[in-house]
């Protein structure tokens, strides 16, 4: 037998190709559940609901409102202090400081990573500084902060920058270094180098990493802010959310403490689903860089 | 040839096919019926192929030929089980394809299909062992055999990022062949190869087929290659891909004769004049 | 023998000289001794060091502590909050210590509380609610009247004592005043730039600043152990007053402080520093906090706050 | 003129190719400086030296050893407490807790991201949890930590996990999602799915991101540990580095406070240059995934 | 043809070349002399090319032909200024090449050479504007012109990840051509294209060359393509690449005649029999 003989004989087929019908959009029909499941806000809402129910149930079962109030008690306190404007006012104070510190952290991280990507000694500098300074707790900065910035928001911002800077710089730098050689070469082919290369090629190409850094930095900025507001003593009346939490904790108004934390959670959710999710959708998702 | 899959050789190369085997062959191994494939992007909906029908029988060397962007890769991915048709169905041995699997080994068009964290040899070997297609000494032996076949023995311990484009593709080819799958799906495997290497690879594929009579779906851009490699050739229209024709290729004996030139001209006409 | 009371007790002390009786009690194993004497057998005592009233209260509410030392305002806040909640109610066991808090400054223009201006910053371990903050408010109330008790609050700044000391002595920061406890308050005065504006003892008397408390449930379930604890505390106080040198040595040894025993002994012997189980002036705090509204439930007498064992003492 | 006419005419060239000479390794000669510059440890050492000199100079200029001692004073204190075994003992205590918390954070992050990569609702869960919980400061966990783990290292570990988990999970998840579709398809082609896909494909492919997450997590674990050791107290004699710093601060031994922080810095340097750099060199560098 | 670079047209298409111009042409535009290229990997040292010499004159369509892995891409990258020779020198207009630049526009072999965050149109346009080769309305016009030429007008606003392999390469080709560089470096630009599209692209390249007489260095695997596209062909030996021969191609008039077949056979012999 020849090699071909194992093959099935069949006639040739020749067709006329119709182009008219192709434009129709075909959608597979979906069940109601599947359709609901596809709405991200619904899914996330469900998760939140479940978490709230767990909180409520655990709080009730624990029956120790001084330590861990049920969700409803917290919500009561939250509603009260939202209504009388205390929480909004405190949040505003915190947000202001936070945004300044966060922005400065981003700028410094951009600067450091740009220097780092430019030369070997720059990379060493970033690596050394990061591995040295990143693990240092805020109290290590206290003396210097007091000397350089005094009390109040200057020092808080300094500490905030410290908590934001390294995480963002680490992520950004790792992102830069993971950019494919081809893209890098393309950029240099356009005559780009130094800052231009960073801005036009490295930043967009490393955007998934940078976004992660921004997210981590954002979260740590909050953590630090709340802790720092206590350490750096806010003069009365000017306190932010951290102070609100601390005050209520001292007075054992636990429901209010949790209301303050709940505010932080809410802001976190809004920023994640409002800001970061939108950025992701408009950038890395759209560009096919994340799946 | 010192490597073959013994059971297949028994069935095909040894005894003449018995009637049952012939009957089995009469029902297609792979049936693509009315398959429309679409991509949903953030901005719009792209139809890659539109109501494509064809049948691949066991031991076919089936070639997909069509202009750039007509949906060949997409079609192959759907057969691979990575993409669900919005219309129509893909059946393998009568069962609808729902997921990827090592029975349909794919050689992708992209250069980044090797695992960067594994050397050339590990890349091939890992495919064999994880998929359970071979293990231990057999896997090692098969790996070395195919790496040698694609001319990369010297680079067996190199990492993919130190290889040239063509070398990467050859590793992928070695991997695909080493898996000895029921259906080998190859997406322009030889595009990055020079004339000589390409010819060698084609010969290798045919020699392997002679031994094991595996089924292969092969995307190519070269009409000559389609005729050389294929037993049956599917012509697709430009974007969105629709079936234009399904032709029989010529037997190897007739390569280099007028029959080849004629078929080439026919295909040329069909593709270029539309 | 069938033991009705717990075999293990968790006690928290704080950091510093004000907790000396507890440090001595731990070091000399006085509680173990008293418990044995009371027929409780070998009681295992777990000692912990915790810093800050919130954490101590949290640890107490969550059931991780049986007995703890804390500043009087912190205790009053918790007491008032849980009053009526049988599960969580607490009682003080005894007074612990009294000392003077100095308001020191390096601003030569400040001679009295009246001289503080908006630019002056007074460091406290925690503003508004900490022990020092309440003491300052009480002093301010004495000076300017009850309604103005918070007059200096805007000038206060939260800084731990060591940082406040450093800031004051180095003079490089905006913090120019500090309401400090010993040893920081003494050490500050060694600096020629720094002078004292006020001594809390002069204004408020030598009142107890810290006390020891426990959950009611613990007290009810372990009456003998509670009594043993008070007895042990008494014994420690006695040791301190009779053998201040030894107490100082114990302090230096167990806190690994780099102070010399002599320095510690001098602090112990300071006339303003008193270690006694008898609460003194606790009602001053309670009355003040009740007046200004920090606590909702006000005790009628000091005995309302304390266990019966100490009711007969000459407390206030 | 024809198109060809602009071209220069020249003869054809045909050569014999010699294969014998090719094996020679050719190295460009480098200057002494360049050669020294190529030694990473030398470069980093130089940076460290410069930083130490700045510290020393600033400390002396400030002339306020109580607030900020010069480098030499710190080094003295460090040498003393190193010699008498205090710092090693405290470091050991801290490292034990740290490693446990860190390891648990990694395991939990692996778990969460594996769930997240498996399904849409898993992704939502991770995203929601991260955006909610990551910004929460440690005090938010205090009540739960006290209830669940009591005082001591259990709670410290809990807080450590909180500070490590989200950063690692965020980085890992972003890394997973950035893995190229082709690699993912290759993995599934081998029959891998679920855990197998995560282990054999996603983890190595996302390794640069994961490493960044591990670095950030490591640093934040230290920060948190030092703060948490104060909050959760120590049973007598058992304190770690955080407690050492706290104690010395209370005793106004500023040089020792900085010696404690210096220990943290040293450990950071060792871990970065010893552990992380080695891992990087053996993995992502070797694999050409980072340049 | 409705787009040309006017000054070049004046010099070449209009008047006959004057003696000065001829004299300038006599010195090579690009001179590669004794160039050895190596890669240092973690594990060992790979020599990609060994003492390669050749000269490219202005308006040459210079083809590099050689087996897979022989160092063609590496050589192109060195000329592009991305890689420093360990031996020898590369001179452009007499100046040593030290860095990349838009005067030597590169079409890479890899599919990931488009900026993923820019649409097809933006990818081409961005290259023009950042490099300063064109701006404003001119850049837009040129962009659209070349996108149209590669048949991607319909996909001008698509992002690269939604394109097929061949479409991505066509965008890169459009970008390279739109830049109208002094030297165009093309690394297997047509490998991923089907026969028809490939032929169209080749014609486009030749037509453009007729207009602007730019210099192009072209890597290909196809001997036929080398003869069609090139004026001069460099044959490289297998790994590590060394110069085997440098041949003249045939003028376009002779394409399809015996001269082509003869040259093809000659090259075939040189490459395959070694």
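Per-chain residue numbering starts at 1, and chain names A, B, C, D and E are given in the order in which the chains are listed.
Here is the rule we use: a contact is a pair of C-beta atoms (placed from the backbone, for glycine too) under 8 Å apart; a residue touches a chain by one contact, two chains touch by 3 or more.
Being a predicted model, the structure only gives us computed values, none of them experimental.
A.B. asks: Which chains does chain B share as contact partners with chain D?
C.D. replies: Joint contacts, listed by label: A, E.
A.B. asks: State the smallest step count from chain C to chain D, taking one step as a move to a touching chain.
C.D. replies: 1
A.B. asks: Can you check how far apart chain B and chain E are, centre to centre, with Cα atoms defining each centre and the answer in Å?
C.D. replies: 31
A.B. asks: How far is the middle of chain A from the middle of chain E, if each middle is the mean of its Cα atoms, in Å?
C.D. replies: 44
A.B. asks: Where in chain E do residues touch two or more other chains at once?
C.D. replies: 43, 110, 112, 159, 162
A.B. asks: Two or more other chains in contact with one residue: find those residues in chain A.
C.D. replies: 64, 67, 143, 146-147, 249, 286, 289
A.B. asks: Residue numbers in chain C touching 2 or more other chains?
C.D. replies: Chain C, residues with two or more chain partners: 58, 62, 163, 166-167, 172.
A.B. asks: Hey, which chains are touching each other here?
C.D. replies: Contact pairs between chains: A-B, A-C, A-D, A-E, B-D, B-E, C-D, D-E.
A.B. asks: Spell out the part of chain A that touches chain C in their complex, as residue ranges.
C.D. replies: Per the touch definition, chain A meets chain C at residues 63-64, 66-67, 142-143, 146-147, 150-151, 230-237, 246-247, 249-252.
A.B. asks: Under the stated contact criterion, what part of chain E meets chain D in this complex?
C.D. replies: Result: residues 12, 16-17, 25-26, 36, 38, 42-43, 45, 47, 50, 57-60, 86-87, 209-210, 213, 231-232, 237, 240, 242-248, 251-252, 270, 274 of chain E touch chain D.
A.B. asks: State the interface residues of chain B toward chain D in the complex, per the touch definition above.
C.D. replies: Within the complex, chain B touches chain D at residues 77, 80-82, 99-102, 104-106, 108, 110, 112-113, 115-117, 126-127, 130-132, 159-162.
A.B. asks: Chain E touches which residues of chain B in the complex?
C.D. replies: 39, 41, 43, 46, 65-69, 71, 73-74, 109-112, 157-159, 162-167, 170, 188, 191-198, 221-223, 268, 271-272
A.B. asks: Residue numbers of chain A touching chain D in their complex, please.
C.D. replies: 37, 40, 43-44, 47-48, 51, 62, 64, 67-68, 120-121, 124-125, 127-128, 130-140, 143-144, 146-147, 163, 166-167, 170-171, 174, 177-179, 181, 184, 208-209, 211-212, 215-216, 218-224, 226-227, 242, 245, 249, 254, 261, 264-265, 267-269, 271-273, 276, 289-291
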